[in-house]
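For reference, chains read A, B and C in written order, and residue numbers begin at 1 within each chain.
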């Protein structure tokens, strides 16, 4: 029995579209609400990021509750950087009780890249252990073996990095995540379709769904910045050059163009079971991208 | 080796400010090896403090110096007994253990730390020290081809790598190798990749409760056998 | 630098270092007088000639003579020769003698005993014996058959090698000491000497009798024996030899005779030697200079017969091949059948060896080669109270060996006269430091040997002016800097302080310290190059240099300078640590001193690699406004020292900054960095002056 609407769609053959919304740095949620409203009907699920890039923000779980309230389908992003196993289990119980049942399990970026560099990094669990923890809770006990009153049930997801330059260790990790119960994967930003194709070939042996991550760049400068400072992102020079050809003030348009092109190709050539669009602060452009890519969410 | 770094001079000056007579104590073992608190450093610090005095210190300080073999053993600390009787504070260039040991033995005298104890590590080459061990109390180097995931992986995860690795380097710093890439490569060379494919459950962070104690002597009851 | 010690390297080193080597340097061990060569060469490297001379005179009674004619076995043994060329020790000794003012040296002697001693013969052995006996307080008489003192020094060695004045100065000094000289007096009977009151006699009559070739025609006019020839020339005669002169023999006498012949005008001088160049016993330098002067040496040839024809000598010679080694260890020359050839000469000088000629009336036991037999330990002969030494005992040997014998004889005669038991001394018994390892040799900086200049061959032929011109200051100190200071290196004196941190192993530019089987760090004393880097870098202060040229020495010098600077009260005070070796010991340091701007105080150090950061801070503490370290930079004779100076300067700069002083107040200066050292120093002084002025103004503003 699917644990969520999203999980239902996963079980189908539909081409899936998800996107992410970054919460505000503060208690003023008006913009986030605006984005939720803008996107909730156009995508199959919305991720709310969790202190992304180790920058302190309004929490993912809070954002997911808002998505749910507004009639959207949330994906709760859980990193292991900020909370220990007690807090993580507690949050999972709460999420389930409020109908937030899609979870993306991440290890989390290190604190060094964020804005609270002196914080104590927790990493009590890693992403694989978090997946196992979810399954443990689902089975009716907590991590310490105690019986719990009311077992949750989740649709479990994780991330993967098909374009890693040293790929074998990443594949070992991917295998472990599948074994630990991951049902769907959202990848890091894709720019090289050949790598994606090779990865899909490998991943097809597993009964999991892969959503290719598409990053929307706003300018060549942004691309270069991300290359140098954001973990897991490797924008190739050709894309940077293409971005550079944009007229002044039209960088984002160019980025959207490129993103749309990727989405279309991936769908047409079956290079993924779906896409996960990361607009990184420019959430408003997502509908345009979907239109341009002639991709419409599987409604229902 | 325990590796430490000398504290900045102005921090030391602030610490000793209110104490006119200061005994600078060095350590002849780890602190000598890592160059932070041996006899030579004691002597140099002494000279630097005196120089600082001449260039506008507040109040006059009188310094004495002495280096013991180790500051972590009571017998060696005992050698300081005569020397602390006429000072107002001890500035220890020993590691955190040494500072506390001296403070415990001479509780009436303030003992100040002159170095920042940083990690347990080894020399890569002269003057370059790398952390190697976190004293987790649950060594699993068997499964990681002798590369510690706790010290050498920024996040200390047991099922690595994460997605942040680029060019075999860690997302935290381009100078740091990704430990899990190294572990993969070495396990592969040894034909033991199955160790990495295994699932490692969450660590026991409390192998020994803090403050930790290990007792190596047997507990023998006085009064003979019961059995 | 991380040096991996495989168990192979480790055990090899431990093996080599476990051999019991004492620390006697090879030069000292090879010297017949056992002189402290290492010490005086080190003093010369610093330009301290008078002190060097003082060290020399401790063991050598006639340094001026040795400086000209010693055969320098020390140089043969010198370990620098394993790296490039040996140190030019003899020439350096001459530099010390000349620049150290040996001519002014006075030697004190008072009569303290009444037993009179006679030496028969005034060669080096006799003169040395007289010198030492006189110092011990004995009345000494030197009997000399010739009209002038010196023995072979006077009559055997040509003046272009040993100038007359040098010998005369030494003889005069003996007279000043109170030695009685009786020249033109040939002693015919030892009994007579005892009868007239001498209590002991030292027979040192030398070996002046030329050996005969034993060939037909040897008596012909024009055939001259070499010893006689040289004697006559030294006494002032100028025999005319004609144009073509031949010399038979291969030792120093033969070379001397040939070169003297050139100076007497012979245009064509040929030496005939029956063995090959490798076996020639003459000094290689002499042979080289002879060939430069145009003398031809024909090897593997000897005259078989001499005849006189048409007013000229005709020598029928025969070629030689080398057969089995003879008693002397050299291969026996064997005439090659049917290889005769003829050469014509105006004069033929024979110089194939000399032997002593002891009067029968002396009633001394004579042995092989007509030499007087003595007990090697006590130098006593078969007659009580009669001692013998020098060429008369050994056959022709070297000047320095004779001096050593003379010194020994004096002490033995003293034993005899005081009825003391003649103890055998241990000096000279220890085995010297072993050879350098090939790996060490590879790492030692190569520096070519600087020989003193000589007259051109053309200039030499004109007269008997000394051929060798002697060093100037710069060359001498540069040459002396090449010395490896064998055995004066670092040792881990305080093993209890050693934390085995391995710093010494990692910083040694010669990769010498190692961990032995028991886990103790050892520094091989016979390989250490005494650069001092490990001494300064040891975090436990466990290492010292055997010669205290390190921390203690620098601290003392520094305190002394700081006191002077304080008393002088001129501001600002700038302290400079300057290397005393070569570059600085000679010209540049003197230059800095001479052109001393007021307030620049030099602390002389023996290589700036020994200056520690603490010394620099101390200078600032005592009131210096600026400190500079002036070393030889990349020209330092030790490896990598400039790197460590820079490291330490950086460390001090960091500390200064934390105290609120400007980083530029301390600076390392080396030649070749950027232009003239003097200019760099000038600009440094200016900057410090400006900083000082600013701080003074700030003080005034505050108050």
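Everything below uses one rule, namely that a contact is a pair of C-beta atoms (placed from the backbone, for glycine too) under 8 Å apart; a residue touches a chain by one contact, two chains touch by 3 or more.
In this text, all values refer to a predicted model and were calculated from it rather than measured experimentally.
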item: Touch-based graph of the chains, sorted into line, ring, star, complete or other; value: line
item: Innermost chain by mean C-alpha position; value: B
item: Whole-Å gap separating chain B and chain C, where each centre is the average of the chain's CA atoms; value: 55
item: Chain centre separation (chain A, chain B; CA means) in Å; value: 40
item: Approximate Å spacing (C-alpha centroids) for the pair chain A, chain C; value: 84
item: Of all residues in chain C, those that touch chain B in their complex; value: 1-2, 496-497, 499-503, 506-507, 538-541, 613-614, 617-618, 620-621, 623, 655, 658-661
item: Chain A residues touching chain B - in the complex, by the definition given at the top; value: 81, 85, 107-110, 112-113, 121, 123-129, 132-133, 143, 159-161, 164-166, 168-170, 172-173, 175-176, 179-180, 188, 231-232, 234
item: Contacting residues of chain B [partner chain C, same complex]; value: 8-10, 28-29, 32-35, 38-41, 43-44, 47-48, 50-52, 54-56, 67, 69, 123-126
item: Chain A partner contacts - residues on chain B that touch it in the complex; value: 154-168, 170-173, 180-181, 183-184, 188, 193, 196-197, 199-203, 205
